[in-house]
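The same chain A turns up in both complexes below, where it pairs with chain B and then with chain C.
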Partner chain A sequence: MPIIQTEDLTYLYGVGTPFEKTALNHINLSIEEGEFVGVIGHTGSGKSTLLQHFNGLIKPSAGRVLIDGKDIWEKGANRQALRFSVGLVFQYPEYQIFEETVYKDVAFGPRNMGLSEKEVDIRVREAATFSGVEDSWLEKSPFALSGGQKRRVAIAGVLAMRPKVLILDEPAAGLDPRGRDAILDRICDYQRTQGTTVLLVSHSMEDIARIATRVLVMDKGSTAFYGDVSTVFSHAKELLSMGLDVPQITRVFMRLHEMGLPVQPSIYTVEQGKNEILRVLKERET
Partner chain B sequence: MTRDITIGQFLPGDSIIHRLDPRIKTLLALFYMVTLFVAQSAVGLAISALFILFVAVLAHIPFRMLLSGIRPLIIIIIIAGVFNMFYIPGHALWHFGILTITREGIGTAAFMGIRVIFLILGASMLTYTTSPILLTDGLDSMLSPLAKLHFPVHELSMMMTIALRFIPTLTEETQKIMQAQKARGADFESGNILRRAKALLPILIPLFVSAFRRADELALAMDCRCYRGGEGRTKLHILRLQKRDGLAVCTSSLLFVIVLTLNFVLPHAY
Partner chain C sequence: MENIIEAKNVSFSYPLDETTRLQALKNVSLQIPKGQFLAILGHNGSGKSTLAKLFNAILTPEQGDVYALGINTHDETRVYDIRQHVGMVFQNPDNQIVATVVEEDVAFGLENLGIPTAEIRKRIDEALKLVGMYEYRNEAPHHLSGGQKQRVAIAGVLAMHPDCIVLDEPTAMLDPKGRKEVMRTLRELHTAGTTVVLITHFMEEAVQTDRIVVMEHGAVILSGTPKEIFGNIPLLHSVGLDVPQVTELSYELKKCGLHLPENILTVNELANALADLLGGSRCPSFKQKI
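Up next is the complex of A and B:
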């Protein structure tokens, strides 16, 4: 059974005003447990709106959202409990920090869950370790930290709820390359060790190619593609026409393929590219 | 929640009403309110009401927007109406203990109610069809004689422009923060007043932090573009009166004259 499923999910903005707009148009999607889904799409393609449907922050105008097979807008469904099992990290999450100390801010989620202080403490320390929040920061004011450090605190605040599904909206936006890699690596580690289902929005095709197992492409409120990384990046032409991109290495191999070299065009990491070149060279020798 | 507030909202468009000079429009909105209060006869009030509906049609304002502008105030109108019904002396229709409803009371209540509704519509017609920037531009220009008395006209209008400019930004920000805290299980809807007030802290603190940050950044950006207050500052769009502004003034005056004449010709509604 898929962990996230949507049936004809449709969402309209500003119904009844001149600003009415279809943000999501009949989305049918099913995401299996344990997947690492990279979500890409042009600004305004409906990515963020779609993600906010998965933990019940937005009510669909039509259609259904099923988490673990249960319709989340069914009568009597507990959406607060749902938000603990589908953790959502918003864009620039550091702007939602409000407590006096880092520890208290990370503990906000677990405390809302009604856990005992002992359990909260375990969760906070565990989440801090996972997202790279150092012990020495815990008693500091979060407003004294740097931007990248605050970002980690905010991510820890969601991880501390131990969600079954973790959704991150551009977690690396606005960070320097090192901070970016650090955050993405930590999310990867977390996904691998915990078996969590992760949905991650990113504008960097390289990052998606490196860490995701599947790719979801949104375009004008519809799902354009959903599939394996290599399958999706083999639709380079369509992606480019949507104002998106493919990884640089994919473009190199597509061009080599066009030039008549016997390489596969659907290469999306440098590592794969190296192996492919070695394979072709070896074939030539024999 | 915040999306339902429609008073003061601007609906972009290119109708003749939209293109009227903001100064003229502001003055005519006030003039229309005066007209409403001058109207004493039922016919006069009906003509005034039709007038603003006609303006709404000209400005392409959907009927539903007009209704949604009144909705938040309907309770106040009803309460005022009930008081009018009981307190106006006259021909009694119904007794209950010390309470008496008179025919005059019902008449006044209805008349007042309609008057207040169209008062709101008149005011919202101004904000529906004038962008906040133009509105403050108009105020700036109308208040400019006061600058001779060392009244900080430019500073005041700049403050208003900035404040208006940031209403949608902060509304959006509030919504975003609310969603983010809800995603961490915050609950704004249950518990007693004290708990609910406390539940607002996770919204208010980030909102204040970000408002201060934005103010800081804006000040810096204005500094970078050499903003030095109003002295010697010129305008990109200079407000100039057009023929249509004259037409609007004439139409409004005509309405006023008709309403005033009807007061003498027809019996008063109450």
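Up next is the complex of A and C:
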């Protein structure tokens, strides 16, 4: 059974005003448990609106959202519990930190879940370890930390609820390459060891190519593609026409393919590119 | 060539607490010739933003001197002259826009200078046309995209007729489209003769400049053309900087013993080099920018 499913999910902004706009248009999507989904799309393509439906922050104008097979808007559905099991990390989450100490901020979610202080403590320390929050920071004010450190604290605050689905909206935006790799590596490790389903929004196709197992492409309020990474990047031309990027390497191999050379066009990492060139050369020799 | 900015042995530190200080810059010397498009790369904490703030006297060095258009930034009586000639744009467009209408925002600096109204009108129109935002002059800034807002911020600086514009990660918070819009604007300014200093983490932006300076631990560790800088991949890896995928792949293939030209930086260059290698025909007519 898919962990996330939508049936004809439609959402309109500003109904009844001159600014009415269809943000989501009949989305039918089903995401299996344990997938690492890279979400891409233009600004305004509907990706944030879609993600906010998954933990009930937005109510569909029409259609259904099912988490773990249950319609989250049916009568008697427990949406508070839903928000614990589908954790959402917004863009620039470091601006949402508010507590006096790092510990209290990370503990905010698990305390709201009504867990015992002992369990809260376990959760806080576990989440801190996963997201790279050092023990020595826990009693500090979060405002004494750097931007990158605060972002880890914010992510820990969501992980502490042990969500079954973790949604992150551009978790690496604005970080330098080292900070970006550190955050993405930690999310990958977490996903691998915990088997969590992860949805991660990024504008960097190189990052998506490196970490995701599947890619969801949003365009003008619809799902343009949903499939494994190589399938989606094999539609490079369509992606480019939607104003999206494809990895640099994909553009090189598309070009070689157009020139009539016997290469696969759907190459998206440096490693694959190297192997593909070596393969073609080897075949030529024989 | 005349230097628009010159830093001579500058050092700077920030107080961490009452007794210790963080040394942000250590004896840095740098010359920026008039008309150059310079990229400054380096990690957070490498000192690049501190250095940029020395260029127009937001900060003054603890040791050494910075000259902007030949004026020493230590000379407090000349600070406003310096700021007029060396403009700055910061990362977050929302923190830089002060007015509720685009053209009023662009006028803000000019009004503070007491420039006649007719001249203000002329300069606003010129600046907004330069960044491609003239059609939006009567819009409210909050209706604009990030890339558009950042171009309005750039127009506000351009209206002052600066000789040099310094941008501290202007594209960090933008989507790919906004990033391209800002880069196109900067390339046009450079072509028109403005000196542009761009601090960035994006290598695909750095390869479009004349010269790259790499900073690490408060010092300049590398300086050269993009071809020279990206020729040294092991060093870039060791300081933890990104290398464009195409450069990385040509480096890997060369390690396998293949013959490829030095210093490949763009999709075009690599595609053509590989086509030569595999015996295909080149298509030089294809002029897509990377």
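Rule of thumb we're sticking to: the second predicted complex is superposed on the first by the 286 of 286 C-alpha atoms of A that agree within 3 Å, B and C clash if a C-alpha of one lies under 4 Å from a C-alpha of the other, contacts with A are read in each partner's own complex, and residues count from 1 in each chain.
By definition in this document, a residue touches a chain if its C-beta (ideal position, glycine included) is under 8 Å from a C-beta of that chain, and two chains touch if they have at least 3 such contacts.
Quick caveat, the model's predicted, so the values are computed rather than measured.
Residue contacts after overlaying the shared chain place A:L88 against chain B, while chain C stays out of touching range. Once the two complexes are overlaid on the shared chain, A:K164 sits clear of chain B and of chain C alike. In the overlay built on the shared chain, the residue A:Q80 is in contact with chain B alone; chain C does not reach it. After overlaying the two complexes on the shared chain, residue contacts for A:F98 are found with chain B alone; chain C is out of touch. Of the two partner chains, chain B is the only one touched by A:F143; chain C is not. Between chain B and chain C, C touches the greater number of residues of chain A.
Within chain A, not a single residue is touched by chain B in the first complex and by chain C in the second.
On the chain C side of its complex with chain A, the touching residues are 43-44, 91, 145-146, 169, 172-173, 175-178, 201, 204, 240-242, 244-246, 248-249, 252-253, 256, 258, 267-268, 270-271, 274-275, 277-278, 280-283, 286, 290. On the side of chain A, the complex with chain B involves touching residues 14, 16-18, 52, 55, 57, 80, 83-84, 87-88, 90, 93, 95-98, 108-109, 112-113, 143, 157-158, 161. Within the complex, the chain B residues that touch chain A are 3, 11, 62, 64-65, 176-177, 179-187, 201-202, 205-206, 209-210. Every residue of chain A that touches chain C in the complex is listed here, in rising order: 42-43, 146-148, 173-179, 203, 206, 243-245, 247-249, 251-252, 255-256, 258-261, 263, 270, 273-274, 277-278, 280-281, 284.
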